[in-house]
Each structure stands twice: as C-alpha cells, then as structure tokens.
Amino acid sequence: MSQISNDLEFRRRLDRLDRTQQRTLAASFIDHVLSLSNDERVARAVKVAADVNASNDELNGALHSVTAAAMDSHARCDADCKWTDHAGYFVARATMAALSPEGQASGNPAWQAAMSSRMARTCISIDSTDDGGEEEQAEQYRILNNYLNS
Amino acid sequence: MKKEGQTIGEVLRQRGISRRSFLKFCATTASIMALPPTMAPVIAATLEKTKRPSVIWLSFQECTGCAESLTRSHSATIEDLIFNVISLDYQHTLQACAGHFAEHIREEVIAEHDGEFILIVDGSIPLKDGGVYSTIAGMTNEQILKQTAAHAAAVVSVGTCAAYGGIPKADPNPTGAVSVADIIKDKPIINVPGCPPIPVVITGVLVQYLTFGLPELDDLGRPKAFYGHSIHDRCYRRPFYDKGLFAETFDDEGAKKGWCLYKLGCKGPTTFNACATTKWNDGTSFPIESGHPCLGCSEPDFWDAGSFYKSLSTPTGNIAEKAIYAAGAGLLAGAAIGAVHRTKKQAAVRQHRRATIDDLGEGS
Amino acid sequence: MNGPSFERGYNTLKEQIDAPVAAFFSSCVHCGMCAEACLFYTETGDPKYTPIHKLEPLRKVWKQEYTFWGKLGKALGISKALSDEDLSDWETLVYDSCTLCGRCSMVCPVGNDLAYMIRKLREGMAISGHAPPGLIGATKRAVTIGSPMGVKFPALQAQIRHAEAETGLTLPVDKAEADYMLLLSSMEVMNFPEFIGAVAKIFAQAELNWTISSEAFEATNSGIQIGVSDIAAELVQRIVDAAENLGVKNVISPECGHAYMAIRWEGPNLIGRPYNFKVIHILELLEQLHKEGRLKLKDKDVRRLTYHDPCQIGRRGGVLEQPRNLLNAVAANFVEMPDTAGMNWCCGAGGGVSANERADELRIRAFKRKKAQLDAVQPDALVSACANCRIQLEEGLEEYHTDIPVVSLTETIVEHLDGLGSKEGHPS
Amino acid sequence: MTDVELLLWVRGPAFDIATVILCAGMVIRFMEIFMLGRKANLAEARGSEMAGGLGTVFRRTLVDTGTFKRTPFTVVAGWLFHIGLFVIIFLFVPHILVFEGATGLSWPGLPSNIVDAFAVITIVTLLAILIHRWRDPVLRLLSEFNDYLVWLVTFTPVLTGWLAFHRVGAAPAALIAVHILSVELLMVLFPFTKLSHAFTLWVARWYNGAIAGYKGVKS
C-alpha cells in the first residue's frame, strides 16, 4: 500500500475505516499530544477511546468527562489567554471528537481528532517561531501508515 | 269671605260638590303621589274632617303663569275643588277687590289666622336697589313677604321663581332676584317648582299638606312624593336612550320615529318632576311627547344651565378654540423649555473629554 | 483630570439621552412585561432583573435634566439626584444581568427599545468607574494588544498556516484591492480555528477574491460591550483604516454577534462618517453565494438540526432569513425552536456577560431558558453562528447534562460542500 | 353651590382649564421629547425606517404567543380595560357629543346598556389590575406613588360615570358633575404622569420600529 503523503489521501483512508477503527486511531493521534494536557479526565478518556472492546456506557462516560474537561479549559470570551496554556483545550476537543457517538458527529472522528491534535501542537509553538503543526501532521501520517500496514 | 270654623266636608256639601267628584279628586291626588288607590278614601276622610285653611297667595316677580297653570288646568273641577278645599283670601290676580281694601284683607287674615294660614308665593323677590323693582302698595316684595311669612304656618313656593329665583334671577339678574327660601329661614317651606308647576302637583301638594302635614322634602325642598323621579327615569322614550337611538335634529327620521331627544339637549336626566307621569292638559301630553327636549324647568338655574339645545353633559365653552390657543402656548413654552434642554445637552457634549483605557479604572 | 469619575459619567449620560430615550421613558407604564422577556428574570424570578428597573439611573437623569417637572421636583427636593452609589448599586444589573439581547425591546407594549437604552446607560457607568473588571481588562487588551484575548498576528499566522496545511489552500494576507476582507474574532482564532479553514474552502469554491489584513483582523469590539464609544470608535477605525488602505470593496464580519453590531451598525456612527466599503456578515455572504450558485452543496445533513440566532446578528443585526435559507439548503431536517428568530432567547452570555467572571453563576442559571427551548424540539445538533454563543451553549449543555453537539453554521456548510476534492490536496 | 351650579362650573370654566392644561401640557411634553433630537444614522440602511416604524406602531398592539403565555393576566387585563375605556370614551353617545362639541366630528355610538356592560368589565378589570400590582413582585418593585395615583384617576371617572349612568348615590346633576370633574382631574394630570403614554407610545413604538427597521428587522 502506498504511503500517505497528503491530507486528501489521509482523510480518504480514514473515511474507509469503520467507527471503532476510527476511534482507536484517533486515540493514537491524541496520545502523541496527550502530554500537552494536564487534565486527568482527558488521559482516562483517551484510554477508553483506545480500547477496542470499550462498551457504549464506558464510551459515554468518557465523553461526558472529557466534555467537562474541554469546557473547563476553553478560552473564555474576552479573557486574557496564553497559548501555551491553551493546548490542553484542543487535546480535550480532539478526545471529544474521538468519542462522539455515531450520528451526532458531523464528520469523521479520526479526522477531527487529528486536526485538533495538530491545533494543540500549534498552540505550543505559537509564541515561538517554529511550527509544530507540520511535524504533527507527519507523525499522524506515520501512525496511519503503520496502522494500515500492520 | 270668612268661612270660620267650617270643615272642608261641610263646605263641599254646602256648595253641592258631589262625593263622587271629590273622591275622584282624592284618587287623582293619591295617584300622582304614587299612593295606592286604597289611600284615596283615607285622604277624602281626612280632608273632610279638616278645617278649611285660610290661604294668602303673594305674587312677586312672576308672569302669572303659575296661577294660569292652576286656574286653567285641564279639569274644571280641580280648580273648583281646590278653591273649595282652601279659603283663598288674598290673590292679586283673582281677587275682586283692589287697592287698600285688598291689603286690608291680607292684614286681617294675618291677624285672625296668626300662625295658622298657609302662605303661597309665586315669583321671586328683588333685593337690588332696596327692592324698588317690585312693590305693592308702597311696600317692597321683601317687606310684604317677611311681614306675611312671620305669621304663616308654612310657606309654599309655587313655581321656579319663588322656589329658586327662576327667570328673574337668570344671568345677569338685573333686579337682584332671590327665592323665598333665601329670605325666609324660620318657616317650613315647600317648594313646588316648575315653569309653571303641573296644576295637579300644586293641588296635590296642598292636599298632601292638609292630609299628612308637612311632606318629606328632597334636598331642594321639593316634596318627594311629586318630585321623587327624574323625567328620564319615567320617560316613555327611555328605551331609545338605552338602545342608543337618538334624534339628531327636530325633523330627522329619528325625530319622526320618536327617538330619544338627549342629543337635542334634553335635560330629562337631571330634572325631577312629574311631567312624564301626570302629563299636562288633562293627561294629553308633555313636552318630550310633543317632540321637544325637557328644559329642566323645575331645577334651579335652569335658564342658565347651558343651552336648552345642548346636551347637559357637554362642555359649555368653546373647547376647540381653547385647545388651539393652549396648543399654541404649549408650542412656545415647549420650544423654550426644549431649547434649554438642548443647550444643556450641547454643553454636556462640549464638556466631553475623549475617553481612553486610562479612564476605565480597575473595576469594582 | 484623567480617570473615571461620577461627574464624567453623569455628563456622559446627559449626552446620551436623545428623543427616543425621552419618548421611551415617557411611555413606560410600569406594566412589568419586559421582565417576562428577560431570561435573567424568568430563570431566577428575582424582580430586580426587570429590564426597565435596570434603567433606573438613566431614567433619573432624563427626568431630572430633561423634563420640566423632574427639574422642579429636584429643585424642590422631592426627588433625589442620581449619586455615585446609585451607579455602583446598579453595576451588576447593567452588566452582569443584561446581555443587550434586546428581547425586552421586542415585547414592550409601548414600544420601548430597552436594549438601546442599556447600551447608553453603560456609557455613563463605564466612565464613572462602574464597569466589571473582566470587561475593563478585555477593553485594555483590545486597545493595547489589538485583541481582547491577547491574540496577536503571529498567532493568527500560525492558525492560517494550520488551515493552509489542512485545506491545501493558500490563504491570502494583505492582498490589495481584494473584493473581500475577512475579519475574525479572537474566540474563533482561539477556540474554533477550524472556522478559518472552513471559510477558506468556501471562498475557494466560490472563487472569491479575498484577503485577511495583518493590520486589523480582530472584529470584536470591547468598546461597545463595556460602553465607551471613544474606545469603540478607535477599534473600528483600525479596521476602517486597514480596509481602506488595502482598497477592499467589502469587509466580512465573522460569526460573532457583537462584532457585527460594532462594525456594521455602530461603526460609521462611532467614527462619524460612512465607510468607503460595504460590511457584510459571513452568513449574508454565504447565502448570497448560494443564491448565485457559487456554493455547490453535495448532500444534505439528515440530522435534526435547529438554529440558535445570536442576538446581535439576528434580532439586533437583521440577519434572520439568511441562516434559515442556508440551513434549509444543507439540512433535510431543520426545525425551529419555539420563540425563534426575532423572538429567540439569548444564550445568556452576550453583551460582555461572558467576559465578566462575576456573572458566571448567573449566566449558567440563565441558560436554563435555552435548555427549555432545546428540550421542546430535541435536536440532534444545535447550529449557531457566534463563537461566544457556541461556548456558552456547550458549557450550558454540559452543565445540564445534555448531549447535543453545537456546531457553527459556516462549518456545517463546509461539511456539505461539493467538489472540494479538486481543490484539495495540494499542500502549499 | 347647588348641583346645577357645580355642573355648570365643571362644564364651563373647569373644563376649559382642564382642556388648556391637557393641550398645552402635552404639546410641551412632545416638544421636550423631540427637541432632544436624534443623530442621523450613518450606517448603510438595510431597510426602511419609516416602514419599520409604522409597522411597529400597529404590530406592537398585539403580543407574541410566547409572551402571551408567560403573562396572560397582564395581556388580557390590559386589553380588556383599554378596550373598555375605548368603548366608554368613544362610543357612549353623551361622550360623542362632547367630541362633537369640540371638533364638530360625530360618529354613531353603541347602545347605552352595551356601554354599561363594558363599564362593568372595565371596573372589575381595573380592580383586578390594582390587586395584581400589589401582589406581583415585579410590579411591586416598579410601582411608585404615581402608579397608584394614575390608577385612581383612571378608575374614578369610570366609576363615577357608571354611577351617574345608573343614577345611584346622589342627585343626577351632582353625579354628572362629579363624573366630569373626575375626568377633568384625569385631563389635568395627563401630561404630568405616565398617562401621557396614550400619546407618546405612538412615538416610542415608531422609534423602536424605526431603529429595528433600519437594520431590516421587524420589531
């Protein structure tokens, strides 16, 4: 199978996967940026997402706690915000996307988790000059390639 | 002229008045007092036993309409009867004698029936300029009234002039006319207003007085038995008022159909009298029935109570004109006040200093 | 003398009162119906949240300064003059419990535009030192940094790069003579950066000649929220200068309620002249593109969707039909909530309330109104068009344990955009 | 002073005074309002101020369903007594005569017993409104002396008029005089109290509708 080298291909491949595969793959993407979040709830939720055998109840519970985490970490309107503190919000967002039940999410959960994970990386680098977003992108391609090739 | 000591019954028999017509008179009187028919014999019995009273009738500033009303009333017997029931000893218009002789009779009655005779007054009393506008035998009306009333048992003010001053008192009241009650304060006064009063009401009041003594009066001194209801309450056109059907002019469809005359100025709602029930001219009709609004003649100041043809609840002045002047004045005053406010606002704008973030403080 | 003072506040209130205010106060019959239009009253039952009551300080100034009888009453000592304590007592009513949503203005039977007057009252409150610290901080950052949230251009650049990576498009910055200049809100840059990519995709499909200005990308305006027109004017002026320097024909207001109010309706009045360009809300533009056939949609969302009108965009801004036309184009199952469009209930966080930490508890309580509205239609997802509403909606739904995803209308449209494939996949 | 003298006074000088105060006072009020001015709107209009303003002048008479459900009493009671007052003031024949006398314009009235029914409804409604004002927490907070004064001077003419119509309590002339006097009190207080809303609300609604209409919103 050819190696993924752009987002179009990346997304097409993700779209072909089933829901559970998408979720667990999303968990892998998030795992790579999980260190940017210091919220325990997020870490726990990512674990649930990564579990292929997770029950619906477990998934729902994880979604609730990670939604609460996202709400606690978003930048409030007009509040003074620090980008470095803001990465955790996107990690939580990514996890929310990974766990969103079928029929509710408007897009592919893995794709959305990937995007939010890149955003989290971008946050860290926003006040510096280097751009971590592209590295994250490459990392995600690698994860997907490995997954598909395994 | 003296009929000393005789009861009314004796006089009636003496004059050959039939018991039937006497009872009929009593029945009529009872009915306009809204008494049950069974009261007629009671009235008759009481009257028969009563001593025939002496009456002095004083006419002041008047038009003789009240006397005419009585004497030319619908039934000849009424007039006959009343003059048999009472002994009318003094009345300018009716008495045969004149001059000093007439005045002498008045003094005689006062002397002989001191405190017993009934004093009937029609016409108002002029007070202005020493009362020179109406004098009789060198005496002013006021003097005659005071002198006579001092000895009377009671005073009956017949007609609106005597009762409330009437037309002579109407604006501008050139003679300074006043009512009887304005002068006499120490005698019972029964007002029988109307311009003129309804004849059967005049006689009825006298019969009521003779039968039952002083009648119950309303706050305008009128016997409630005759003046207890407004024209409006007893008017046969009342249903049209309730339905909102009004004659707009004297010759429109509504007028022809006999609709309510309120819009044409009818004072029925505020006028208390018996016209709508007893009617006039032997029960033939009354003004409203003949298509004319009530003038309110039995009420004080009826002549000055706005136009006869203007509804009684409408403003009397020229409202539109005043509203326009007031609006004009308001416009000027408002412009002045508005200009002051404008200047103040402009001053505030001039005083405004551009705000920067340094002007926000730290918050509370 | 600099700094806030009661005298400056009082003077400002005197400046603010105009014929409509006088007509409004003259007409109030104290019927209390505005209370029932205000979510802070309906959700707490506390009468002090009655909108007309919140305006008492302004009414006092009107009466005592601009009516003959009021002046007389004041001169005779019958009525007490407005004091600094009054303003202090009213601060929470004017800022914490009013989102300027203007629902009361729609209900008042005598036609009083209460929100119009609260906006004016805030002018006097702010300059007399009675604005909430949260809003003061935001306003200071907006003026000094250029964004109430402290977002500087490099941050936006990073997000633009991210969007470019995601979409494979080049996002034009500082392109002169562009037809459209896109503004963004800090909230979008911070919390919903996917919006940038979404817009870029749509514009690419519609072949729109557009740009983002590095000089003025921030659409929000803390000045109008806190109520200092001088500052609001300064913030608007930055956008006007940037737009006129680039020579753009249109400026696009993003999915942010008060930003639209600031740039579209208050802006020209704040700077004292009409613009040399037009201001168009992103939803207006999208609907226009869709009508012109420049927005090709491939399929319809089958979920049961409902739309929350951001107050400043809908009721106070006039963009009411456009989102509905767009939703009907992309959603097979669009349902309206009860009390919708012009009569929609505010999310509870507008008008600077969300920037005011003191009001947090009240804000979440007020959200119960929205919750009840949503319960009535039970949608699969809630669409809105204001980042601030969106955060409040998400937070509120989470607080009341309701699983309804909240999405932006622009992003919903992008999901159903046809023919993206041909333009995607070429990393810049 | 006799009843008729009182009646004449209230129909004459007192009515003149009340008219002058009402007219001058209201004109002053309007001048005070309009002379404060309004800045021209420099933002590009999306809709018409005039159309929006006029639309709201009419539309605001009705309330939206949601608000109606939240405040049924205020809406129903408000409607009832306003309609009641309208019928009483403008469709009772003796009152039409007053307008005819002042303006020369006349129109057909309603049967008196129907107006009577409206008067009863209005009296009952106004009493209910007073009780509501006492009991409702919002209204208790908003209400001041003026609100009760205005209630009283609105209620009194209806009650005295009703008594005068049924001729209970005093002599008819006195009843009518007291009734007209109570109306004059209403007229005198009109420009100085919230009663003036009867005139200014059209302006307020217009401004509301114009502000919204300019932005293309129906308010």
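As written, the chain order gives the labels A, B, C and D, with residue 1 at the start of each chain.
One rule holds for everything that comes next: a contact is a pair of C-beta atoms (placed from the backbone, for glycine too) under 8 Å apart; a residue touches a chain by one contact, two chains touch by 3 or more.
Only a predicted model underlies this, so the values are computations on that prediction, with no experimental measurement involved.
Enquirer: Between chain pairs C-D and A-C, which one is joined by a greater number of C-beta pairs in contact?
Expert: C-D
Enquirer: Counting only Cα atoms for the centres, state how far chain A is from chain B in Å.
Expert: 102
Enquirer: Report, in whole Å, the distance between the mean C-alpha point of chain A and the mean C-alpha point of chain D.
Expert: Taking the average C-alpha coordinate of chain A and of chain D, the gap between them is 65 Å.
Enquirer: Return the distance between the CA-based centres of chain C and chain D, expressed in whole Å.
Expert: Centres of chain C and chain D (C-alpha means) sit 38 Å apart.
Enquirer: Could you state the distance in Å from the CA-based centre of chain A to that of chain C?
Expert: Centres of chain A and chain C (C-alpha means) sit 30 Å apart.
Enquirer: List, in ascending order, every residue of chain B touching at least 2 other chains.
Expert: Those would be 337, 341, 345.
Enquirer: At least two other chains touched by the same residue of chain A: list those residues.
Expert: none
Enquirer: Give me the residues of chain C that touch two or more other chains.
Expert: 17, 66, 68, 134-135, 137
Enquirer: If we use the touch criterion from the header, which chain pairs count as touching?
Expert: Pairs satisfying the touch definition: A-C, B-C, B-D, C-D.
Enquirer: Which bits of chain C are touching chain D when the two form their complex?
Expert: 17-24, 26-33, 35-37, 41-42, 45, 47-48, 50, 52-53, 66-69, 105-113, 116, 264-269, 272-275, 278-279, 314-318, 320, 338-339, 342-343
Enquirer: Of all residues in chain D, which touch chain C in the complex?
Expert: Touch residues, chain D against chain C: 28-29, 32-39, 41-44, 46-47, 56-57, 60-61, 63-64, 66-67, 70-71, 74-75, 78, 136-144, 147, 192, 194, 196-197, 200-201, 203-209, 211-212, 215-219.
Enquirer: Quick check: in the complex, which residue numbers of chain A touch chain C?
Expert: Within the complex, chain A contacts chain C at residues 6-9, 63-64, 67-68, 70-71, 74-83, 86, 89, 100, 103-107, 115, 118-119, 122, 125-127, 131, 133-134, 137.
Enquirer: What part of chain C is in contact with chain B in the complex they form?
Expert: 2-4, 8, 11-12, 14-15, 17, 65-66, 68, 88, 91, 126-127, 129-137, 139-140, 143-144, 226, 228-231
Enquirer: In the complex of these two chains, what residues of chain C are touching chain A?
Expert: Touch list, chain C to chain A: 134-135, 137-138, 141, 148-151, 154-155, 158-159, 161-162, 165-168, 186-187, 190-191, 193-194, 220, 222, 225, 301, 303, 349, 352, 354-355, 357, 380-381, 387-388, 391, 394-395, 398-399, 401, 403, 405, 407, 411-412, 415, 421, 424-427.
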